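Take a look at the structures below.
In the two assemblies presented below, chain A is common to both, partnered first by chain B and then by chain C.
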Partner chain A sequence: MLAIWYFTSNGLLAPVLEHLGAGKDYRYTSELKAIPLYFGIVATVLGVWHWLGQHKEGGFDFYSSSIAGGMFILLITMLVRWFIAPEIAVLSIGLGEVGDTGKHIHELLGLNYVVLGIVAGIIIVNVFKVPVWAKNGVRLSRLGLKTGVILLGALYSAAELKNLGGLSIIMIGFFVLGSVGIVLWIGARRNIPNSMGGVLSAGMGVCGVSATVAVAPVVQAKPVEIAYTIGTILIWGVACMFLFPIIGNLLNMSYVQFGAWAGTGILNSAQVAGAALAYQPDGIETLMVAEIFNITRVLILPIIVLWLAMWYVKREGNATTQVNVGHVVLAKFPVFVLGFILMFALSTTGVFAPANHYQGKYFGNTVEQGFKLENLLQAEQIAILKADANKIQNADYREAYNRLIKNNKIMSIADDTVVRGLINAKTLSPDANKILASAHQSVRHTAKKIDNFRQWITWLFAFGLVGLGMQITVGSMKQAGGEPAIIGGVVGFIKAALSLVVVMLLVSETV
Partner chain B sequence: MFNHILLASHGTEGAQAAEYVAISNCVSGGKLIHLLIVPELWQGMTGDDWLNNGHTRDDFCRYLETELGKEVDGHCERIRRTANLHQLNYAKEIILGEPDKVLVQYSTTQAFDSIVIGSPRPKDVAGLRSRLLTENVMRSLKIPLIITPYPL
Partner chain C sequence: MEKDKIQSFDRGSALSIFSSDRKEDLIALALAFILALVIYLID
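So, the complex of A and B:
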């Protein structure tokens, strides 16, 4: 890390960064000059202490040993984000656009730093092995992801949370209960053991490996049944993480539609976050939608555990499991969701950004509010807009449009909303649309705290997903097979296809 | 007949055939060392779970460990009983690791006369994918290896 910082600060990496910028300014220069320095110092101090210090078994040594693994994940994340992903983009751009899609291979395949980070994690654990000194810390990735979700809570508006929450409850409720029910039904038809049916239905229906881990002891699943289920889910999850963004790109899905589809159709919760960031690597709108679905899944998990526990006891008759409703709900409750709710509650008080901000962004068309005078529309831009004016039928919209032409900038939040609508509707010429987009951008400003939050969230998810990649072993994926692979394949496909149809038909492009 | 046999078996039907062959081919009073390798794949069974709390994950790990322990104990006990009936000196060794590497390494720890293992599972039979019989094993072993066909 310190070497990255040193070579960047001294300009030794300049030719490399210029190459990675592909003709534009390399976008991560500011990160390279600060982040590796701070974390490099932490890693060095701790490394020296671990190497030369006096150690004994116990609390501090145990917990501090996990930091080494955290630093290892962070280093991989840095290398992938700053060097490997940009290099893949340069190579992909060099190959030109794919057909008439208007996109390059890396954009279509979602080969950005998030997906490549997970792949790097999978390669490291399966080919090179995680170094012994780092093993203890790989689990820190879960903390990274949970912290990311908690911080995400600060970015939702009340209306968004209400609308997304309602949508996710309906979608998750229908598809979770549906797929759990279908797996149990198919399982009974194919005479698989109840323990197998129980653990498989949870894995296929709720949130993949997480649900399998939660349900396996309750339905007394045998080790081989657990291995089958987890292998099937991991293979499906990794495949979906690559396939979903490609399909989303081909169908030109909006962020909300893709987030809702990934949140419902992808079996495994880790890959939901991965696919969302793969689809939109430079923003977190898709992630915000997808994570609401993930949270809904995990909140529904205790209910499914209870259902399957009662189902299992009833089916087995002599099962030794005692279903204690209170204990199950308390033991399985995801505590990090409380953090998410707390951050949301704090954000509504205006601690992070004034309450009238939308996703941390606010409207401002005066210099005091952050508007730059050079962003006033120029005469030639106004001429292009005037030429397209008669394409707008709605009288209110035309008035807002004319106000923009008259004042060379957007004059109110209401006018900005109209402009956004016109951009999305694509009724004007591409040139006019670009001018509208530029006018919209120049009156939207991001609160500093929220901007920092977004950066931190992106890093936390990238860090977490690289670490999770290091926990996906080929050994466990290879166990996919037998009845679970058949049933899982059928149910996984039905769920992904049906949820895609529902999302495309019923979910609007914005919340 | 052999005096000192290393039996690598983890309880599948094919491995049970190997147990039969090992016990039948060991002289009365001979040593039967039962090597049971717990594949490393079990360490990856929490996969990429991140939504659960630590309590749920600990519960799962304890449960899986207990269940695997029960299977291992039952399997060892069955071989021990049969070995005793044949008046063999039975000892077991349970090791976590990659099956082929552990087998090669363990085969050098004692002066075994032969090693007995089961044949690979037929493709249409369900079971865990964890190969014991690899090219590495065949190239590296310094003592005779008996691969028991299944069914016998």
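So, the complex of A and C:
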């Protein structure tokens, strides 16, 4: 890491970065000049301490040993994000666009740093093996993903969460309950044990591995049935993580559509995040949508546990032993979801950005709020707007438009929404549209703290996903098989296909 | 003696270094709020 920082700071990497920029400015220069330095110092200090220090076997020694592995994952993430993914993009651009899609191969296949990082992790663990000193760090990947999800709570405004929350409750409610019901129905027809059907239905319906583990004691699942279910989820989830972004690109799905689809159709939380970031590697709007769906699904877990407990007792009758369902629900409830809600609540107080922010940008039309006086509309711009005024039919829209003309700037969030609507509707002349766009830009300000949250979240997810790749072994996927794999495959496919249709037909709103 | 040593700290599972999901969740919670505090104080 220190070598990367040193070579970048001294300009020795300049020709490489110019090549990777492919005719444009290389986009990660600022990251290269800071991140490897900070983490390089941390890695070196801890490395020296581990190497030369006296260590007593125990809890502290064990937990601190994971940091070396964490740095190993981070180094792989850096190499993929800064060098390997850009090089593949350069090669792909060199090959030209694919047919009349207007996209290059790497864009269509989603070969960005997220996907390539996961692939690098899979190759390392299955071909080269993770070094012994780094093994504990690989087991930190879930911690990285959970921390990222909690921080994500700071990025939503109340309006965004309200819009997405309503949509996600309807879709997730339908698809989760539907998948659980279908697995139980098919399972009964194919005569698989009730314990197997119960645990598989939770895994396929709710949120993969966590749900499987939570439901297992309620339906008295045997270890081999849990292993079958986790293997099935893993194979299906990994396939979805790579296939969903390709399909999304082919269908030109919007970020909201893709996020809603991934959050509904993919089984495991980590793979939902992987697919969302693979679809939009340089922004987190898709991830924000997908995670709302994912969190809604996790929150349904207690309902599923209760349902399956009643179902199991009804089918097994006296054969069941007493299981305290309430205790299971409490013990297995994922507390990190509460952290997400807490972070959102904290964010709505306005500590990180004005509460009315929209995707990290907030409205402000006074100098104190960040508005620049040179952005007031000039006489000639006002003349162009006046000439187009009669093209606006709606009375409310025309009022907002006239307020802009009168004050030389947008006067409220509501007016700004109208202006955005007018820009998108393209009813005015291109010149007038350009003026409206600039008036809109001048009252929208970036919240710096939100930007910093985005940076941390991106790196935490990238770290978690490369680590996740290092946990995908051929051996763990081989656990899947027999009836559970067939039922899981059928239900997984139905859920993915149906949710795609529903999303394409019904979801069009923006975050 | 060996039994005491095993009980003194847990080496977690194949997926996590922590002894339980609940512990991992709580550590993630603490880490996230520390990071949020850092972001709040620095900017």
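The rule is simple: the second predicted complex is superposed on the first by the 415 of 511 C-alpha atoms of A that agree within 3 Å, B and C clash if a C-alpha of one lies under 4 Å from a C-alpha of the other, contacts with A are read in each partner's own complex, and residues count from 1 in each chain.
The criterion applied here is as follows: a contact is a pair of C-beta atoms (placed from the backbone, for glycine too) under 8 Å apart; a residue touches a chain by one contact, two chains touch by 3 or more.
As the structure is a computational prediction, the values presented were derived from the model and not from experiment.
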First (chain B), second (chain C), both or neither touched by A:M204: neither
Touched partner set for A:V224, first chain B, second chain C, both or neither: first
Chain B versus chain C as contact partner of A:I35, first or second or both or neither: neither
Chain B versus chain C as contact partner of A:A331, first or second or both or neither: both
Partner chain(s) touched by A:A290 [first = chain B, second = chain C, both, neither]: neither
Residue contacts on chain A - larger count, chain B or chain C: B
Partner chain(s) touched by A:L234 [first = chain B, second = chain C, both, neither]: first
Partner chain(s) touched by A:F352 [first = chain B, second = chain C, both, neither]: second
Partner chain in contact with A:M343 - chain B first, chain C second, else both or neither: second
Touching partner for A:V298 - first (chain B), second (chain C), both, neither: first
Where chain A meets both chain C and chain B, residue numbers: 142, 146, 209-210, 213, 331-332, 334-336, 471
Chain B to chain A touching residues, read off their complex: 39-53, 55-57, 59-60, 63-64, 67-68, 71, 126-130
Touch list for chain C against partner chain A, complex: 5, 8-9, 11-18, 21-22, 24-29, 31-33, 35-36, 39-40, 42-43
Chain B partner contacts - residues on chain A that touch it in the complex: 141-142, 145-146, 207-210, 212-214, 216-217, 222-224, 226-227, 230, 233-234, 237, 268-271, 294, 297-298, 301, 331-336, 464, 468-469, 471-473, 475-476, 478-479, 481-483
Interfacial residue positions of chain A with respect to chain C in the complex: 57-59, 62-63, 66, 136, 139-140, 142-143, 146-147, 150-151, 154, 209-210, 213, 331-332, 334-336, 338-339, 343, 346, 351-352, 448-449, 452-453, 456, 471
